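Look for chain A in each of the two complexes below; its partner is chain B in the first and chain C in the second.
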Partner chain A sequence: MYILQQFINALTTGGVYALIAVGFAIIYNILRFSNWSYGATITVSSYAGYYVASQLHFSFLPSLLVAMSTGGVLAVLIELVAFRRIRKQKGPLIYFFVTSVSVSTGVQFLVLATIGGYFYNWPQIIPGEALHIGSLTVSTMNVLMGGACLMALLVLNFVLFRTRMGMAVRAAACDLGVAALMGVNIDQVISFIFFVSGAMAGLVGTLVGIAYTTYPQLGLESMIKGFVAAIIGGLGSISGAVLGSMLLALVETAVITSPLGASATPVVTFVLLLILLFVRPTGILGKSGSEKA
Partner chain B sequence: MKSRYLSLLVVVAILATVLTGCKSDTGGNEIRIGAIQDHSGATATWGVTHNNAIIQAVEDLNEQGGLLKGKKIKLIQYDFKCKVEEALTAYSRLVDQDKVVAVLGPAHSGVMMAMAPVAEDKKVPIISGAMDERSLIPGPGQVYKYHFLNQPSAYQQAEAIASYALFEMGITKVAILYNQGNPYAVSLAAPFAEYFMRHGGTVVANEPFQPGTKDFRPQLTKIKQLNPEAIHVTNYLQENALIAQQMRELGMDMRILGNNACNQPFAEVAGEAVDGTVYPITMSPNDPRAQEPFAAYKERFGEEPKGGIHNVFTGHDNLMLLADAIERAGKADPEAIRDALESSTDVDTWTCKVTIDAATHMPIGFPLTIVEIQDGEYVILDDAYLPVYE
Partner chain C sequence: MSYYMDLATLVGIQVIAVVGVFAISGLTGLMSLGQGGFMAIGAYTAVLTNMRLGVPWPLAILLGMVAVCIVSPIVGYPSLRLRRDFFAIATFGFGEAVTALGRMFTQVTGGTMGLAGIPRFTNVWIVAFAVGATIFMTANLKNSRLGRNSLAIRSDELSAEAAGIDVFGHKMKVFVYGASLAGLAGGLQAFFIHYMDPMIFNVWTSVEQVVLVYFGGINSLTGCVVSTLLLSALPEAFRFARLWRVVIYSVFVVVILNLRPQGLLGDYELSLASIRGALSNCCRSRRKRYTESTGLE
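Entry: the complex of A and B
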């Protein structure tokens, strides 16, 4: 029973990481760079959702919608301001990454300067009771996160494979230049991708904000976990992001449960990561080849 | 043409350097004091209240005539954003550029552990609330000469709650959950365990967690198995609140023994998950002594002290201790102030009469209030508790 409860703990933590990693992987898949500003988008949309929930007394779904829209719009704006010129001028991939880090830092300090460093506890807009199955406990929040991740993946799959825009996105992911020659409006497609990624950030910001409170470092701390999970699973694969998240959570929980305790978690995690990348440099499900940033 | 511009540039550069060098006014009619607090980082809730209390205390003191026969105090404040590097930069700036004679530092053990050695070089004394004894005592028989603590140290506070739990509440089986990356948390967990076990109790688990952890379920599940009567948490506000909530979710309804981070606004933030928490604090919200300062703060700043009344007291009292030392020193000189601080005896502050131990730079006999959170109210169980030593 004890082991089973710890296993459930690991799965639920994995679900949180997966939620973060998937949104991050979307940008990576199409544009081939690690969008560090994803963290900033998570933070800002979390605050937006918190604001409407606490000051305007929105219930869960409207708050979530506000957060997701804020995230989407912010991500599109970031693309317009920070990344578009680099893309137009065919700058090296590494410039995107560097710019994204600057955006992330800038936005985080903007939040600190305007809103301040307090952490905020959301009002009770989702049922707070945990689910008890026998002597096992699962938090409602974690069930929600797992469900949201699944839903997001299903919706994403539908959009990518059953809509025109999705086809355009897949074409752009294959080769931006040729897709443009085929009549695809690249600017529109890229804005769309960023909007989707931003909306995911809004989803993450709301759920993680409710579970763990909203605070300025929320995005950054989420990014660190999501990024490592995405690397383990293989940059370039969405199912890899999910797999990597689960593995990361399992390893972490196993170490905590063991006599080693939480002190050893970073050491074990990163040693395993090193071994994994040594044996399989593209991550577990990652695709090899092509330049990456 | 080019060389003319170059020489002009050189002249301007020299002038600028000379003029900025002449900027500092040493002495004159004001006493310059620095304050380094967290206005925007992880502990900003406390830091802003603490800093406001200092501002208000300086204003009140200046209104009453200042120090050293009418000199006004000039307060120069910096925000260290809960980052050690920023705090060190601020201290250097305060000493080298702003030429302060003393600094009111933050109540952050990690920061003061880094700053105390720097103060040995820069020789400007600091009063802080940093409870980790390593920020005062580098080794046996030694002390950092320029750092002074104005609240019970981590040892003293940990032993107070351990003693209270063991001897007043009859709790003998405890688990500890602490943030191993936070010196403050670590410096409370270790003495608690030591005292508890030395006096006959059992510590069934000493579980650390990584900084940044927000999900404590693996550790809590591990602890639940071992069935302690109480869980001792020694972390910052946000972490303690999340631990409490997750504990109740997992069906763990044992009592929480807290640290001084469990004072207001802990119950407001964490809700009914923390009912029954018992913790030590220098000043409780509903202590009769707290009523007037509370009202005065509210009037001056237009809001209640978000970081809790105990932070109003520490901010104010640190300045009072410094003011007393400046008066006894007789001059606005860092060395003289340092010597005066070391010999502080029965200094009148809002919390109690403070006597500094010259050997450790910690206060002697500083009593603590033990508080229990009952239905969201902070109920005083004992307002002058000192640990039992056998």
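Entry: the complex of A and C
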């Protein structure tokens, strides 16, 4: 029973990691670089959600929507300002990464400079009682996280596989140049995926903000977790990102409840990551791409 | 006055680390996000051998570098064969693992509470000497066959291998070189700031150093030194705007990378030849006026 309880906790944490990892994986699929400005989007949308929840007394769903739209808009803006020109000039992939990192640092310190480094506790906008199924305790937070992740992934799946835009996204992920030749408006597609990944960042920011308080490093820490999860599952695939997140959450929970204790969690995570990279660098479900000569 | 000396010392330490990153990322094109981990290894080895075992501090710093030279081939051997992105991820994982290990072994490293009371041995002259030696070595590296091999590997690995360069062996050499410079910087920094904890040398330190190299221009050693001086020293002058300076710094970097991707200094290198060229350019106009007015050659 104890194991089952921990399992449920791990699943919900894994769900949150999955959201982050999927947001990461979407950008990686099409533009082939790790977008480290994702953390900045998570942070800002978390603050936006907190603001409307606490100052304007919005309830849960409207705050969530505000956070998601802020995240989406911010991500699109970041793409326009920082990445578009490099893409047009066909710059090497490294430049995207270096720029995304600078954006991330800049936004984090902007938040620190303007709002300050306090840890903001969200008002109680979700019902606080926990469900008791037999001897298991499932808190509303768990249900919310799990439910939100499932919903988001289902919606994403629908958009990607049942809409025209989704088809355009999949085509662009295959080959940007040929998709453009087929009449796909690449600029539009890229703005769209940045908006989607930003909206997911908003969802993550809200959930993590409610669960753990909102603070400037929130985005960065979440992003590192999601990054690792995406790598474990394979950077090229979205289902891989979900799988990797679940595995990561399970491993983490296992380490925390083991005699090693919670402080060993990062060590175990990174050691496993290193082992995985040497055994199968493309991740569990990743496609093995060959380096262009 | 002592504030400026302290500032110069810190900037000098940063220059040493960045020059190491220049050799790895600028010349050879390997994106290493684990330099922070090597700085930590160098720093902790130096400090612990000095404080617990009584080793004199210059030797302690050297021991730090030796420790890094032992660890970096172990890290490099499996990771240097990976593709570019995965090498970055592997070194990132290594850097984070070092930080996490440092946090875990509280008895040895002081864990999250850090190690305090480290005696101050570094001063601005030692750092200046180290910076001079480092730049001298790396400039010679860049202009030698090793440097040209690095540039070849950065441009096109497959062709470099086909041209007869032992790509893996070369990458390993450059990686160990850059890592030991990071270890040196870490050791110097530990003996300068009286306190140390594993979170100082995190992935953002490594990332910042890589950004500095790209900002200055990956082809130019002078560029990476200048960019470090600019972006480390200048914000200190605006100390009152302590947090805003990082925002401004990030804006600078994004602007340069977008509008001038070859970096601030592009291909320019400060050397005897370029100084002589600059001097003769300014004398040339005077010579021209003389020959025109007198008709003499």
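In this text, the second predicted complex is superposed on the first by the 289 of 293 C-alpha atoms of A that agree within 3 Å, B and C clash if a C-alpha of one lies under 4 Å from a C-alpha of the other, contacts with A are read in each partner's own complex, and residues count from 1 in each chain.
Going forward, a contact is a pair of C-beta atoms (placed from the backbone, for glycine too) under 8 Å apart; a residue touches a chain by one contact, two chains touch by 3 or more.
Only a predicted model underlies this, so the values are computations on that prediction, with no experimental measurement involved.
Looking at the shared chain after the overlay, A:137 reaches chain B, while chain C stays out of its contact range.
In the overlay built on the shared chain, the residue A:4 is in contact with neither chain B nor chain C. Within the superposed three-chain model, A:281 lies in touch with chain C and out of touch with chain B [touch as defined at top]. In the superposed model, A:91 lies in contact with chain C only, and not with chain B. Of the two partner chains placed by the overlay, only chain B lies in contact with A:253; chain C stays clear of it.
Once the two complexes are laid over each other on the shared chain, residue contacts for A:113 go to chain B and to chain C alike.
In the superposition on chain A, A:212 makes contact with chain B only, while chain C stays out of contact range. When the two structures are aligned on the shared chain, A:273 is found in touch with chain C, with no touch to chain B.
In the superposed model, A:101 makes contact with chain C only, not with chain B. When both complexes are aligned on chain A by C-alpha atoms, chain A residues 112-113, 224, 263, 266 touch chain B in the first and chain C in the second. Those residues of chain A lying in contact with chain C across their complex are 34, 81-82, 85-86, 89, 91, 93-95, 97-99, 101-103, 105-107, 109-110, 112-113, 224, 228, 231, 235, 263-264, 266-267, 269-271, 273-274, 277-278, 281, 291, 293.
Touching chain A in their complex are the following residues of chain C: 31, 78-79, 82-86, 88-90, 93-94, 96-97, 99-101, 103-104, 156-159, 203-204, 207-208, 210-211, 214, 243-244, 246-247, 249-251, 253-254, 257-259, 261. Across the complex, chain A is touched by residues 38-45, 48, 81-82, 180, 207-210, 212-215, 217-219, 221-222, 225, 237-238, 241-242, 246, 249-251, 269-270, 306 of chain B.
By the touch criterion given at the top, residues 2, 5-6, 9-10, 12-13, 16, 112-113, 116-119, 121, 130, 132, 137, 139, 211-213, 215, 217, 221, 224, 252-253, 256-257, 261-263, 265-266 of chain A touch chain B in their complex.
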